[in-house]
Every structure is written in C-alpha cells, then in structure tokens.
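In the two complexes that follow, chain A is the common piece, with chain B as its partner first and chain C second.
Let's turn to the complex of A and B:
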C-alpha cells in the first residue's frame, strides 16, 4: 500500500491541480499543437507562423497593440494617482466623491463601450455636438473612423474605464503611510507638492508596481472596448493582437493560424512581463 | 479510499452533465425574433409526433457563425439550426453537417418549388447541406417626402446609374425643414460587418459585369468592370458627398435609423426594413424601386436568406429531418420567414400581397447567391478592409482592389 506513504497534503491539493492541468495546461499544449499543424492535423512545422508574420497587417497590429497598452497604462496611472491623492484629502462630500468615482470601473465593459461609441458617433454623437456648439470644431469629426483619432479615442475610453481601480489602490496604499513621515517632512519645510513627491509616491511604489503589472496585463488582453466600439476598423487602423486572434479563429475559421498568433503573442507578453519584473527587482536591490 | 470514491463520483458527474439534457430532447436553434413562431410550430409537430420532444433555444445574430462552429467542433450539437445562407457552405466545409437531399426527398420535400438560387447557397460538392426557408434581395427604399421636397417625382425612382447620381445629388443638402439631408446611405462600418457592406457594394460590381470571383472562382476583383462598379459606390461618399459623414461607422441598422429620422433619403434594404421603418416612423411615406443599374444593363442583388442545417453529430437526426421537412411546407415558411419564403408558392399568401413588396419580388429574379467556396468568409473580410481603405481615401479603388486581389489569390493558393 504505497498510496498510504504519500503525504496527505498531496491528496488535498490533487483536485485543484487536476483542475488546473485540465483547464490551463491542456489548452496550452493543444494550442501549441494546433499552431504547428494544418486543419487536417498534419505537422507543417513553422508554416503557420510564416503566414501570420508575413501578413501585411501584422506590423500595424503590433504597433496598435503597443500604442493601446502604453497609452492606456500611462493615463490610467496619472489619472488614478491624482484621483487617489485628491480623495485622500479631507473635504466636504469626500465619501460621496469616492463612490461616484467608482462608476466607470463598475459599469460592465460592453455597456460603457457601446455608450462611448454612441457619444463618439460622427453624426449624432454628443461629443461632436458639444464641441460644435462651443465652436471648438467647425464640422463633425469622425472620432472612430479617422485613422488619426481612432486609437487616441480608444485609449481615452480605456483610461476612463480603469483609472478608478488605480485610484482605489492608491487610496488604500496612502492609508498605510505613517503620519510621522508627513510630520517629519513638514518639519523640514515641505509643502504639499513635496509631500507627494518625497513621501507619497515612494511609499506607494510597491502598490504601483503590482497595479502597473495588472494594468499592463489587462490592456494586453483587453478585447471588449475595441471590439465593440470599432471591431478593429476602419481598415485595421485599430486592430490589436487579441482581436486579430479572435477574428482568425472565429470569423475566418483559421484555427491553426489563430493558434500560431496566440503562441506568438504569448511569447511577446512573457518577454514584456519578464523584462518588467527584472527591471523592478534590479531596482529593489539598489 | 472513500475520498477517492467521492472524487471519482464527482468527475463522473461533471462528465455526464453535458449529455443528460441533449440525449432526450430535439434541440432547435432558432433566431430570437422567431422564438414564438418556432414554439408554435414545435407544438404542432409534437402533436403529430408524440414521441418527440422539442426544445427551442433562441440565438442572436451577432457571433452566430462562431457559436455554431464551436458547437460543431465540440460534437455536442443541437439537432436543427437556422443559419444565414452565406455561411452554409463554410459550415459544410467542416464536414460536420448532414447531407440532406435524399433524406428530405424521402420525406416528401418539393425541391421544384424552392427558388433554385437558394438551393445553390446550400450545395457543396454536389450535395445539399441545408434547406432554404427564407429568401430576400435588396431593393431601393426611398423617402417620398424628401423626393417632393427636392422637386423629384415620388412615383418614379431612379432607373440608371446616371439618374441615381443625379437624384442623390438633388436630395443632398438642407431640406425645407432646415435639417441636413443626404441622398444615399453607403455602408462602410459598424457592427454587422463585413456582411452589410458586402450586400450593398457587391451588386454594383455585378451589375457592371464584374465581381469578386468569376464563374470558376477566378479572382476578378480588380478587373476594370469590377473597379468601375465599386468606384461608384465609393464615390457616392468620397467624390459626390451624397452619403453622410458617418459612413465609415454605418451598418445596415444605422442607415435605417438615419433614414427613419429623415437624414438619409435613399437606402438599399429588404422588406423587413420596410416593416421596421413603418414601426419607428408611421408618418414617413416610403417608396420602393429596383436597384439602379448601368445604362442598358440589368439590376443585380445578392440573394440573402436563411437555411436549416442539421449537424452530423446531431443526437436526434431522424426527427430533425422530419421537422425540417415539416417546416418546408410553403404555408409554414410564409409564416416563419421575416421577408419572403424560399418555397415560391408561398408568395401568393395574403401576407405578401401589399404592393409595396412588388419591387422586392421583382428583385428576387435578379438575385444571385454569393460564391460558394469555403474561403468566402475570409475573402469578404479582405474585400471589406480594402473597401474601407478606399472610403478612407488612403488608396484609390484600383489600388485597394489590387491589394485585395493579391491577398485573395494568396489565400486561395494556400
């Protein structure tokens, strides 16, 4: 009865591990397998990768994805940190503002995206209407159809959607900053802006590190906003990797190429995350 | 020991769960707008066949193709599915649909009554993989009030392209109500793509003797005839400026809404669009004409519509074939369709007597099915992306279609 010799701990985690293997490891292996075979299941080496990499749109998609991730994360962090610091101050109606700020984050993504798509609409959108009433623009702007404005517009929506999350985390982080630090700074003659720069932000570093990591991951696999607002259009001008993978698989029925794209994207994401972790841990050793 | 038993039982339960429901009932995937109709027919069918229990599961149009595909690939399928005729062949190509011709003939389906072009949409490698129940073709829907306002005869819609451009220009401008109005609704974006743009743009190429693929599926998308036809569609927006600035975000639904509020005076659409316009704007006076065609040539339109398909892995295949045959009767199709029945004798029913449908009935004669090759979905995506390039003005129609031709050729040679 060798089974009895196995530590009971192993038995306790076994169901979870089996579930993880079934739901994560198996699909990953299956994806890799799909990426090196053709629809009939014959091994074709790296042909699928060749096809997806040489596709003329791939460079544009890579650029868009980068633009979307970097743009979103920067604005989410700036807005979120500012809102967090602001809402950490004592003022009348603070509790109310704290709850109101959460609204963008709480609304389901698809609802927010559809609403924004209507607001951005060239002919009957409220944004063009307001800007024209105010005399800022003379004719309607095709926010989501002009290749120059579509990506910034989408970044704006994503920043609006997720900044409350950053604000909440910053707020929580600020609660744990000991009052003595502020007092010490004030004794040294610090003003509010010095407090932000020399007390708050350094104390928030661990929080911001994990928050940024999460934001990057979420922006990298964020489909909802772009897919429902533009579908990657016009003419791929707002196409990003995750949507391209979806389109390849479920609109073109090219599961093998979609799998190749997924593997490729997985490698890119892993590299980004690894680089990020490395930079941060080097930083900490200093 | 006991732990292992519980675990085994748990896993067993997990595995068996998905099969419990599907083994007994015949599952019919209908569309959300047809749920009540399907339930009524299912009740009638179950009365005739007491040994069958039908469960209706309504679908929405968005993402339907992928939902069906996932079901087909997984092997856990419904028994009967309503599909747009344009995706019938790509689904058949997976090898996961049941061939139907013989089985339906044995059940007494009258194939001679069904519009031949509709049967083409379901025919792959000489076998029939779907049973058409709905057919439709676009016609030109126009606002009679706007015609009068622009000094045009509301009983005489444009016949030729030259007239069409002239009418559209006259209709564009500030109406007597002081509001901006546009002559024609060009679809160049929005949610229901690439289908909506294809249905509106491809007929321009067909009428001119061009197309995306020729009779033997050779690529003719950048031929002079195709480019000239498509150039008119693009020029309406870029050159003549008779389409609204929002063209690149307008799908069929958006265009119909703009038509309903008087912002666009002419749109291509099906009979179902007329019903929806009347519902939203009862006072709007609607006229319908054939799609305008080049001088001396005929109109053309894509044959749209819906087919029943039966998955190869369907657990109740025989009953599903019986149900499809039951639904093939003209009088049932005439109720179930949202436009016209595929069984042509059904057209004589009261429901289709309204003279406003005459132009649409006439257009059915000019309707052609989309090319029936498995890569068609992807080809339409390539076409749509390049159409948008042309609408954006970042490439001429010729340049855009040259790129599309190269991409399609590369796709077909793979």
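Let's turn to the complex of A and C:
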C-alpha cells in the first residue's frame, strides 16, 4: 500500500493517537508487566497479587471504595435531578439561581476539601455548632476522626461537589422534552409530581444513563477529597483503592505491589462498567 | 401558567441554593477573620473588623505564590499543547472517513475515562527514565491524558457542526486542506476553541494525583498540593488555608462566571454530537 492511498484523515489524527498510545496504552501494558515481576525485574507470577489481596486491610479498603462510590452517586443523582427539575421551571431570577448552583462543581476539588475540613472541625467547625444549636447532636462530633462518621462525611462532600453536574445535564436533557408531552399529561389531569414521574424521568433516562456512568467512574477515581481531608485515616477507615495505590507506590516504594493493585483495580472497574452497560441494555429492550 | 401555580418552588430552591453556596461563603468569610474570631465559640458570623492578615500570610510568608506560578505555567502549557494536537485530530475525525475511525474515536473516549490512579506507577517510571520528574515539561505531558481526549472529542463536535459545503467551495477555488482548516473552519469554531481551552485549563488547574506523584520538589509543586500541604502542617492556620483557597478559586470563578454560557454550550455539543 502506498502512502497516497492512506486517507488524509489518518495523517490528521496520527500525532494525537501516537501521543495517547504513549501516555495510556504503554503505561497500562507496563503496569501489567510490573505486577508480575519483582523490583529486579524477575518474573514472580502472581505473588504480588497474593500479597496485596491477602493484606488484612484489603477487605476494608474494598468496602470503603464501594461505600464511597455508591453513596456519592445516589446522593449526587437525587440532589442533581431535583435541582435540574427545579431550575427548569420558569421563575424570577432563574439565570442567577442557575449560575450560583454551579459553585460547588466549579470550585477546585482541593478547595472544596479544605473548606469542608474546616467546617467539619471538631471544636470550631460551623457544622458542629449548627447541629448543636438545632439540638440534633448533644456534643461536638469529630466527623473526620471518628471511624463511624468519616465515610458518611466524605460522601457528603463528594455529593455536594458533583450534584451541580447532574443538574446541568438534567437541565439540558429537559430542554429537549417536547412540550406536547406535558400538555398531554395535563389534559389527563397530571399534577407536577406526575409530570416528574411520568414525563420528565422517562425522557431523562438516556441522559441519566451516561451521567451515572461518569459519576461512578469519577467517584472510583476520587482521590483529592479523601486524601487531602483524611489521608485515608483514621486507621484506614476512609482508605479507598486509588489512594492505596498511591501509598504503596510513593510512601512504601513497593512499585510492583502498587502495580498489582492497579491491575486489580482496573479489572474491578471494567467489570463494574461492563455489568452496568449490560444491565442497562437488557433493561432497554423490554 | 407555569409561574402562577409554582410559587412554592422557591422553598426547595432556596434550600438547595443555601447548601450549594454556603461552604463557599464560609470559606470567603473565614479568610477575612482574625485568628481570635476564627477560633471562637460560638462562631462569629461576620469578621469584625475584616483583616488581611491571612492573605498577607499566604502572599508573603508561604510558598503559595510560587505554586500559583507553577500551576499557571503547567496548566497553560498543557492546554495549548493539547489544543494544537486536538485541532488536527478533531478535523481528521470530523471531515474524513477511513478504516478504524470509529475504533480510534472510541479509544479517545476511553482514554478520557481512564482512572488516573491506575497509571501513576508506570508514568512515574517513564518520567524518571527521561529525567522529567519535577519538571514543568513532565507534568505538561502527563496532563495531556486529561486534556487531549476531551479536547479532541469536543472539537470534533464543533467541526461537524460546520457545513462541509463551505470547505468544498474553497477547495474548488484551489485552497489546500490545511488552508481550509486554518482560514475557514477554525475561525468558525472559535467559541468551541475557547470552551475547550477553558475546560482544559480548569481540569489541569485542579489536578491532584499526578501533581502529588510527579512534582515533589518545593520549587515544582502545584497549587492543589501546596494547599493540601498547608493544612497538614502540625499547627493548621485555617485562616491562611481559607485565604489560599479563595485565591486559588478566583481565576476559575472569573472564567466561569464570564463565560458560563459558552462553557456549558461547549460541553453539550461535544457530548451530543460526538
């Protein structure tokens, strides 16, 4: 095949594709290789995997990761759908409301983390103060240091951070719902809540499908908030998989074990995504 | 008709709005409080009188200004580099048909979704092999993982939205492909270019994990790492942390408030037309 026969389109995309192969494909292959060797480069089979899987903290880390992802996504969806539907209504000051509602999503993750860490402060935090004023708690709670509250607190931060993204997507999805559907529903005597349930939500399904997938992937990659607020503590009670990879690699310098964890994590994520796609497409057929 | 029957929606809206903006206001308020008012029970709502001490602390007695410069250089570098590559790639995807095109596009999309934590180990090894740990270039290159796939994806959508008749007319008049791209198509998608640049800038400005792993030297750290470090010192100066947070948010907030419509529009067209 001569060069002339290659479509010019290939030449346009080639530099980018080569870069992405170097930045994504090569590191992934290299991770697999590292995961089955020792620091000297000798093949050791699945030993690294055995070590990381049998580590006593692994179960807790898996549970935390699951808790963080499921908890975050559920609250992001509920808050985001609610906000999206409300912001789609006609009311005075709508543009301003829409802009302000974006603030959590717009501010940097690390800034959100620091701000919430300050608000969660045991002695001087505004959250403890407000909850005590309202009589919901009787004494200060160490939100980020108490093993039982640390994960819910982090989920709350992540839910707060990303719900505007859901709201924006829902808002965009609602723009394309034909007015006739609402009119038809109203002729049948539908109330607002019926419109939400029978008109908006069904129409939003394709949007929510991709939004949920993105939220899951982002939560699975959610290092910033947890690492900067708790570092995975207290005693691993908020340690999640991606932070554990970082810790193994750059605090313990166990690159091969970190690689094994990476491969494991990648397989888990792929399985979750594949299962999600499958369930959804089965769902859509009926 | 909608408006009159839905006066009640101001109640849930007000609650949601309060939840959304309160932390931001609390951060801003805290950054102007003197120490005594930060650590007071019950908390003082408004600083009285407001002080600039926290900002002075950040500006003159911390490494934050240096981190600010580092972040700016790295974000701009990666944004521009991604843009150059993405313009060509997106044009190729939008205007030509060739074997493997859909596979290549799918690969770009998957690249966007790759969990960053799973590649930090090999990337670290590659960067150290080329002596790029603790360099601007190292982070700029690595950040292409964040900026390049989405830039390609979004720009492809924009190029597709231009009718190809415009280009065909120019080609009949003797223009070259590249001439068409730069003289006709590119000016038409200028809003898209701006949206892509904003997205890339924000994504790299906020990035945490790569910066944490590949820029460990005091002179090379970026703002997010500097901020996290600020708060893990044994004696946390929360006023200074909040002031630094506010400073870090400002460029992003300005970008978004001024160009919000454009940004959301860009994200949408990339997502739906791509």
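For the reader, a short list of remarks on this structure follows.
Operating definition for what follows: the second predicted complex is superposed on the first by the 271 of 286 C-alpha atoms of A that agree within 3 Å, B and C clash if a C-alpha of one lies under 4 Å from a C-alpha of the other, contacts with A are read in each partner's own complex, and residues count from 1 in each chain.
The rule we apply is simple: contacts are C-beta pairs under 8 Å (C-beta built on N, C-alpha and C of every residue); 3 or more make two chains touch, one makes a residue touch a chain.
This is a predicted model, so every value here is computed, not measured.
Using the contact criterion defined above for the overlaid structures, shared-chain residue A:145 touches chain B, although it does not reach chain C. Shared-chain residue A:15: touches chain B and chain C both.
By the touch criterion stated above, A:97 is placed in contact with chain C alone, chain B being left untouched.
In the superposed model, A:253 makes contact with chain B only, not with chain C. Between chain B and chain C, the partner in contact with more residues of chain A is C. Once the two complexes are laid over each other on the shared chain, residue contacts for A:121 go to chain B and to chain C alike. Counting contacts by the rule stated earlier, residues 11, 15, 117, 121, 123-124, 228, 231, 249-250 of chain A appear in both its interface with chain B and its interface with chain C. For chain B in complex with chain A, the touching residues are 3, 7, 63, 65-66, 69-70, 90, 94, 188-189, 191, 193, 244-249, 258, 263, 377-378, 381, 385-386, 388-389, 391-392, 394, 403, 407, 414. Those residues of chain A whose C-beta lies close enough to touch chain B in the complex are 11, 14-15, 51, 56-57, 117, 121-124, 139-140, 142, 144-145, 147, 228, 230-231, 233-236, 247, 249-254. Residues 2-3, 5-6, 9-10, 12-13, 16-17, 19-21, 23-24, 26-27, 30, 38-43, 85-86, 88-89, 91-93, 95-98, 101, 104, 107-108, 111, 113-126, 141-142, 144-145, 148-149, 152, 177, 205-206, 208-209, 212-213, 223-224, 227-228, 231-232, 238, 241-242, 245, 248-249, 252-253, 256-257, 260, 264, 267-268, 271 of chain C touch chain A in their complex.
Note for the complex: chain A touches chain C at residues 6-13, 15-17, 19-20, 23-24, 26-28, 30-31, 34, 79, 82-83, 86-87, 89-91, 97, 99-104, 106-119, 121, 123-124, 126, 129, 133, 160, 164, 168, 172, 192, 210, 214, 217, 220-221, 223-224, 227-228, 231, 241-243, 245-246, 249-250, 255, 258-259, 262-263, 265-266, 269.
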